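Following are the structures in question.
Both of the next two complexes hold chain A, though its partner changes from chain B to chain C.
Up next, the complex of A and B:
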């Protein structure tokens, strides 16, 4: 991937600090610096920005709204924020949803109308919303669209038995009969992770306490609570060692994001949030091969995103991170894979005053589990925080890391590097 | 936008019931495509997979289940999904991975295993309808196809015999396809006398339910030139989705197919498709659909596709061969895999590797199209050599 650093390296390697055209012209370093800067700016203009984001729901149940109404509300807000007319301006719509969560086969049939996308370029991914962002990013980079819209939602309150649906995600012959609804897979992964990284129960309880408390400052969190570490450790087991309070409870909601090319973005909003890098990856889904205590999907996705963004040392690059915590231990596992924590929860690495504070939003433990929308939910949290910091001219928050995971039994996840500079 | 080439294609046999699991089918097709590109999975940067309803297999997150078989493990992996249109959409998705500069080599896999659903895969289609307004009617896909077929016939004054000619041609073409499920030499009379399923749709008007998989390898220009002297280029992709409310539109003409085609034609710089497209793989799950889609693609004027068929223009040795592979009616219809099979046929025809299926005239530019959802999605890929 071409970026400014790469071009600089290329020019300096080719010409040295002083450009020489034959014997006639010797160009000063100041000139080369300017040239490099100009080319860099041109290349940076190849960037993709988030120019609008809207949401609806964020509640354990939304009986007054259908999923279509949730989408309509979120989309209307996102479009209004950047003055976009979906019928004319948008070149691509990407929806992220799974048939069985929707209770409808070929669920993309029901996607277009409430987004204003009928007879438009719309497609569906059976993936997390952050994968949708990656797809919209590629649509803009490949010239398919200069403005793209990404949507994902959760209407889990409509699902009578979420555990039965999860059971259908397991391999039918060998895994489903013994692994019930997949929760035992999470419990086994947790046990293995605790063992390999010498993580104590208290460390995981600390994640619960931190995220539930952080959520108290977030209007979107349905499950925030003033929970102490001791209280978190008294929660009953759902499957030893996994405790009920360590599992993100279900919630309804929808997030719609509008992405644009650099050229468009600057005229659409005063506060573009740039997608500096994006990556996604899947490890094997088979429970029998998921024996590693490392979140390989997050590690590889981060590697891809960091390479695009030119991030060398994530531990010092990012100002904050939104990291998947569908199960409390996952926050630690993911932070480790993303290179922003040194297995130091007990040293306070994930607390608000840490070098890279994690889940200041309250995370899934406070916001709830919005299944495929979770990546976009985290994107929303990061975008809002970056914009608020900019509005208040506080210098601390300029670069954010967003990560998502598709949940048990998958080993699929995505990573986005955001920045306002 | 970078140039994107197709450098390999492969597929499994299409059959009513395959003994292989979905993972195994995906593996076989992927392996065949990589072999034909003389590549290994380690050369692949990312994987795109498509498969239609999860309900066929009784699986949730089917894309995750199929991941290992399709070579997606340890790679950026994406499952795209636009109903029946998915097959032709998979290469379009692989195209934007390469065109955007994100990947250099992409494996595009289409898989479908319809047979696990008992007593008949058609039952999965009940759950594609609206929960409140349509499902209580116990509706099946065949109902809405019979509505559409009847509307098409009545607006343009087309006879059932005209439509039957498509089934005769495609099932005949499939006689030369080694993977074909329903190759047959039949007559118009056979089609007319076959059992009515939902009048006017008869048994031989319909493609079968199938298991199978197909795969393609796409690459950027510099990689493609390293691996082959004979790359085939993807020069246009297009897709479009119409409103959910299918009852509100005139079923005689697929506007969404027209819009998808226009997107692809614009990208490929085509202004007169009837003259500039040499042959096409048009989506034909039902025989009338081939005619309907030819008109949507601007390859025939409205209501005139049956005339072109009657005059033999759409035969393999005709001026505009349509479905030289044998199409879904002859080769079979494992939904997402069937669309990839169509794009693979473009690849083989353009390279002159289609053997006995090779069309008579020299071909430089072909088009593949699929359709899906509630008569709602059009997906188009244009390839050139």
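Up next, the complex of A and C:
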């Protein structure tokens, strides 16, 4: 923390009492140089890093574990990676979960035990996991905590009324009397997007084929498959123009991330992944989101994150991106909003060798939809790829873009800029 | 999802809230006639959510034991506690728990409450006794919520010794209700 007391302490420690002559400071060139250098280093050290990340599940169903056991498993792995004792070292725990997906009201009351957070500082956000990362980031930046933990999970296999939960998310006065599920909202958004941006069916099938195939290289993907563009185009309609294969199927799993201040991070891991910037945004309510072909929430969240990270031209800054593809067309829409693709790009960045390859992990189309945990899932994929920079498919990758969306009918999302330098 | 009770304190007081004196509602200028006469618009919506929660290792084993007429816990060698209901991790030590422990089906009433009304505010013929039971063999303060039976309201007290009244084996399904209730285990 840089404040007046800190600077005085620093001056005294560095130069001792001889610094003062009467009421005047004796200032030499060497002194000012050192001051500028050290304050610069201090400023640099104001960063926040991801030092540990663990996961469990990643399967269409996880009948052998309760959600608590799933979380304990993921948390144990995350803590082990960076030698953290949650009972002593962690200053803040952030859980991201939604009551209706849990089937429990005030579900935050059941969050502490399995994270090692009993009788400690914990808060729950009814938001995507990447928003949780933003909260933990702020807790560290503000000095509330030097180590913070973010958790989110999905037990969608236990929710037998998924369609009703989506219906419950629709506007109650004038939308719910008309529609009984959120999926058609996605279908209508897709049509308008295709219309405005002249996107062909084939371009969307291309996204499906790429992500399903990318998933074959990822052990966590439950729904990876060698699907060709032609096969993807023959998938039956759920709600025309939305085809079944373009919708991420549900999956269970948990991700726990450990964040730390720069000072702590360097001693906790050899491979800190720095959060260079983070942003989040809620655009507007559901009715409009059905007709808006632009993902404003992603655009605005990116603007915020890019400003913090100092990203001027995202198209050349990032080495790869993990982008929301809950519905295949969303990947194209989000890529456009994030500025990593010119529209029509559909063709460009859907290739693995594109300037900014998108969803090398396979995305939601391969990994499945883990609802609130999805932002942390994409973070996990990006962190692991950045750490494995020597591997063939990750060679030289140093800067990643992670984006999440809260799903139909929401227009909320978050963006994180990650780097290993 | 906010607190489920927030904002419920409005409406047709006499009927909805089961209040004794509907002529003195608090904090609203609306009359029951305005509500009944539909002078105000409403949008009603009903839904039904169905869940099927995986019990996992700890609770799965707990329920399996109940079906067999036993109560089990898990021991933690970190803090030397026996956790009932069992869990696969210790929330104080943050480590996996160690062993399955058979505890007793007796215990002590930690606290209790007596209800004379049903959920819809109608009068009960027999009062309902709800209690937290500290189970013998578990660590101090550990146990679970259950009902009390074969006891009168005046006899129940904090510290009362109780024993599980099990359902007959063929009626047990692997549920907490395989115990019908706890009843006094000593002469009162």
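The rule is simple: the second predicted complex is superposed on the first by the 368 of 421 C-alpha atoms of A that agree within 3 Å, B and C clash if a C-alpha of one lies under 4 Å from a C-alpha of the other, contacts with A are read in each partner's own complex, and residues count from 1 in each chain.
Going forward, a residue touches a chain if its C-beta (ideal position, glycine included) is under 8 Å from a C-beta of that chain, and two chains touch if they have at least 3 such contacts.
Predicted, not measured: the structure shown is a model, and the values here were computed from it.
S.K.: For A:138 in the superposed arrangement: first (chain B), second (chain C), both or neither?
M.R.: The first partner, chain B, only.
S.K.: On the A-aligned overlay, A:159 touches which partner chain: chain B = first, chain C = second, or both, or neither?
M.R.: second
S.K.: After lining up the shared chain so the two structures overlap, which partner does A:65 touch, if you call chain B first and chain C second: first, second, both or neither?
M.R.: The answer is second: A:65 touches chain C but not chain B.
S.K.: With the two complexes superposed on chain A, say which partner A:112 touches: chain B (first), chain C (second), both, or neither.
M.R.: Touch status of A:112: both partners.
S.K.: So in the superposed three-chain picture, is A:168 touching just chain B, just chain C, both, or none of them (first/second/both/neither)?
M.R.: So A:168 meets both chain B and chain C here.
S.K.: Could you look at A:360 and tell me whether it touches chain B, chain C, both or neither (first, second, both, neither)?
M.R.: Neither chain B nor chain C is touched by A:360.
S.K.: May I ask you to decide whether A:85 touches chain B, chain C, both, or neither, giving the answer as first, second, both or neither?
M.R.: In the superposition, A:85 contacts chain C only.
S.K.: So which one touches more of the residues on chain A, chain B or chain C?
M.R.: Counting residues of chain A touched by each partner, the higher count goes to B.
S.K.: Does the superposition put A:103 against chain B (first), chain C (second), both, or neither?
M.R.: Both chain B and chain C are touched by A:103.
S.K.: What part of chain A is shared between its chain B contacts and its chain C contacts?
M.R.: Overlap of chain B and chain C footprints on chain A: residues 98-100, 103, 105-106, 112-113, 118, 126, 165, 167-168, 172.
S.K.: Which residues of chain A touch chain C in their complex?
M.R.: Those in contact with chain C are residues 62-70, 72, 79, 85-87, 98-100, 103, 105-107, 112-114, 116, 118, 126, 155, 157-161, 164-165, 167-168, 172-173, 176-177.
S.K.: Which residues of chain B touch chain A in their complex?
M.R.: 1-2, 52-55, 57-65, 67-68, 72-84, 89, 93, 95-97, 99-102, 124-125, 127-128, 130-131, 237-245, 255-256, 259, 263, 372-374, 376-377
S.K.: Touching residues of chain A toward chain B in the complex: what are they?
M.R.: 1-2, 98-101, 103-106, 108-113, 117-127, 131, 134-135, 137-144, 165-169, 171-172, 279-286, 289, 296, 300-301, 304, 406, 409-410, 412
S.K.: Sort out for me which residues of chain C touch chain A in the complex.
M.R.: 1, 3-4, 43, 45, 47-60, 87-89, 91-94
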